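Okay, so chain A shows up in both of these, paired with chain B first and chain C after.
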Partner chain A sequence: MSYAPSYSGLLTEMNVIEPFFLTQAEAIERAIEIKEKKKLIARQQIPNVQSMPLNLSAEYPSPQRIFNAIQALYQSHNSPPARQIPDRLTALYRDAYAENQSIVADSVSQFADFFRNHRDLGLPKITLTPDGTLRVRWIHGPGNFTAIEFTGKPLAKLVAEIPREGGLTARYFTTEPIENILTAARAVGASFA
Partner chain B sequence: MADLDHSHHFFRHIKKSWTDGTFVDPAAFRLAKRDGQFEEGLSVNWMEYFQRPTPQESIAPLREILINKGRSVGGESKFALLNVGTAKAAAAAYTAVAIVTDAEELDASHALVKGYEAHNDEVAEELGKVIIGIYPAKP
Partner chain C sequence: MTQGQEIAGIGRVKFERPPINEVAIGVYYVPVTELRAEHIGIYWDSIRKRYPICEQRFPVLIQSEGQPPAMIAEAPGEIFPLPRFWFSNNAHSILIQIQRNAFMLNWRRGSSEGYPHYEGVEKDFWQEFEGYKNFVQGIGGKLDVVQRCELTYVNFISPNAFFSSPAELGNVLPSVASLCKMHDEERKLVGLNALAAYQLNDNLLVESAIKWGKRSDTKEPVAVLELKAQGTPGDLSLIGAAAWFKAAHNGIYKLFLSLTDEEVQKQVWRPL
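Let's turn to the complex of A and B:
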């Protein structure tokens, strides 16, 4: 993670004991200055989310890892239409909590990585499976959809039904490494619009 | 255990997190694995047991049964309704399934959809396609 350089010097400067006998105006001005410096530090300490690996290692408890994944998605999907994905994930997390449905943290982090790396995809239906893994589905009509299940393991599940000539429907149930899943799906005609 | 009549129907309880708007993810019909073993069958409820004129009117007593069994039935969860014969025909694209009564002490309407462990994901997809009604758990 590439944080900005250390600001310990700046922090020390901000924490010095203020000189006595400041006027009220000087005190206010000084307070504003400190607040602005704090904001600057906070901004500079936000890593570049496009390149930052998510801090979702197994040593962190699941709720923290899920929170981190949602937060990273909000940072990468910060325009109003794009926010629908982290918004949906947040709602799903709340629903799951309310109904005692488990969520697999590895699945959430895989989902977050996937959408951070592929921000040009259409908004899919986003659900949980009874096993607690995230599943997304782009539905284009009857017999015409593409679904990805984020297993949290190296192989994700791909299910697709794709119309073919003569009223036929090609059906795919397969697994693919998550890195290749879009390429593999597009190769058989799947769409993510 | 007795086979349900082909003309009869069954409900499957669908948690809110398994849905997105009106869309019900077919994974809701997958057999769950516990300790590496598949459950005996998909847990469902026989609609005709309730002897109500409409499916909608079966929801309140069904919900009460599930709550008495200790199941969590969220206000925004739903019940999906399927026809027995249609569900069997849909599953038959992959394998033959049995839909049988499985009365429990606190739930005489309980039934199971059995026999698709080897085609779990595929049959679940097919069952999701033949849902004939969705009813809010809290009418």
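Let's turn to the complex of A and C:
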């Protein structure tokens, strides 16, 4: 878990202490200055003495990353129907946590970024793969679906079955850079409704 | 500080005269966008008999690693950002703090009331939290997906039988003894700020800060021992938060015992 000590903002001002080395006149000036600085700190997030970054660990904790992804999705998907995506992600994460199943934080971040950038897509079925990555599927009927697996790496997996004339089904299994995956899928007739 | 006479198999020590001046319990969660300024008055009305004093403060902003600088959580259509609200009782001993993405409860030492011990503060916290949670649900929001929990103790250690000058502060807080011994006729110790952080597990850090100065209210010399636990419950849930607070309290308790001198614990704070 990474560490960045922070100003104890939830404490009240009753615990403020002053250093001894100030004279009384200085102390008054200093008190005013401190008050003004506090406002500034709150507004500009300038660390004070208590918040010297110790940077004890560069490791980035997984629950915090998952939270960031969930929060970003709640902010971008603010209507009740759209909230089903972060709601589902939260439920999946909690189930995985309870069962001690790993969940790839990079996959969750990629998933969140994708849906924040493409808010017009229909609500997919969201599942967790045995590898701990997120997979989403838009199922339109038998032999008719589009699925994306968020690997957490630059290339995402695309799987699709698309009905063709004469009762045939085209099957696609490929990888694409996440930025291009919608374009590539739509080019072969995949739907995200 | 805290702790109980033989609490359910843990064997903690409670003190008769703990040096605790303030305890704060806080939970941060996904911002409640349904919460608007007009709702705050309705909520206050529901607790006003117990907490008749209301004040506004700037919201506490917490920074998540890998994220842009923290901003005040705003809601669609809002003209002015929602501040943090303080609701306190007449004695100012209990303070509820609410902002769009957080709920906090502080116990503060008043002139007459004794310390209710952690169990009492925690009980008050969850009781008030439950009431607020129901209120938020009533306006269509939810207090879910926990981002961070914080538990903070501020201990004020005034000069006592074991120390009367900064040079003797090490008698109470042995970890800073070497710094305090530098105080002599030629150089006087006039300020101290020692910060350390301990990782107890992946989701729990405890930070200790030892300071020397004078109280801003009474101007009396004082040593401050601030112990702050912070972390994210592994499953990001409120149930996980409750378990996290128990672990955090245990971690703070043990750190307090380790940081303070055993004789001072026995003779000044006095185990019950």
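Quick note on the criterion: the second predicted complex is superposed on the first by the 134 of 193 C-alpha atoms of A that agree within 3 Å, B and C clash if a C-alpha of one lies under 4 Å from a C-alpha of the other, contacts with A are read in each partner's own complex, and residues count from 1 in each chain.
As a working rule, a residue touches a chain if its C-beta (ideal position, glycine included) is under 8 Å from a C-beta of that chain, and two chains touch if they have at least 3 such contacts.
Since we're looking at a predicted model, the values are computed, not measured.
Looking at the shared chain after the overlay, A:D131 reaches chain B, while chain C stays out of its contact range. Touching more residues of chain A than its counterpart among chain B and chain C is C. In the superposition on chain A, A:T90 makes contact with chain C only, while chain B stays out of contact range.
Using the contact criterion defined above for the overlaid structures, shared-chain residue A:N78 touches chain C, although it does not reach chain B. Legend: residue contacts after superposition of the two complexes on their common chain; A:I70 is shown touching chain C, with no touch to chain B. Look at A:F173: by the touch rule set out above, it reaches chain B but stays clear of chain C. With the contact threshold set out at the top, residues 98 of chain A are in contact with chain B in one structure and with chain C in the other.
The touching residues of chain C, when paired with chain A in their complex, are 21-22, 24, 26, 30-31, 33, 58, 60-67, 69-70, 76, 95, 97, 102, 104, 106, 108, 144-147, 150, 152, 154, 156, 190-191, 193, 195, 197, 199, 201-205, 207, 209, 211-217, 221-222, 224, 226, 228, 230-237. Only residues 88, 92, 95-96, 98-101, 125-131, 135, 137, 139, 149, 157, 159, 173 of chain A touch chain B when the two sit together in their complex. For chain A in complex with chain C, the touching residues are 1-6, 8-21, 31, 39, 42-43, 45, 49-50, 52, 54, 56-57, 60-61, 63-68, 70-71, 74-75, 78, 86, 90, 93-94, 97-98. Per the touch definition, chain B reaches chain A in the complex via residues 15-21, 23, 25, 27-28, 30, 32-33, 72, 74, 76-77, 121-122, 125.
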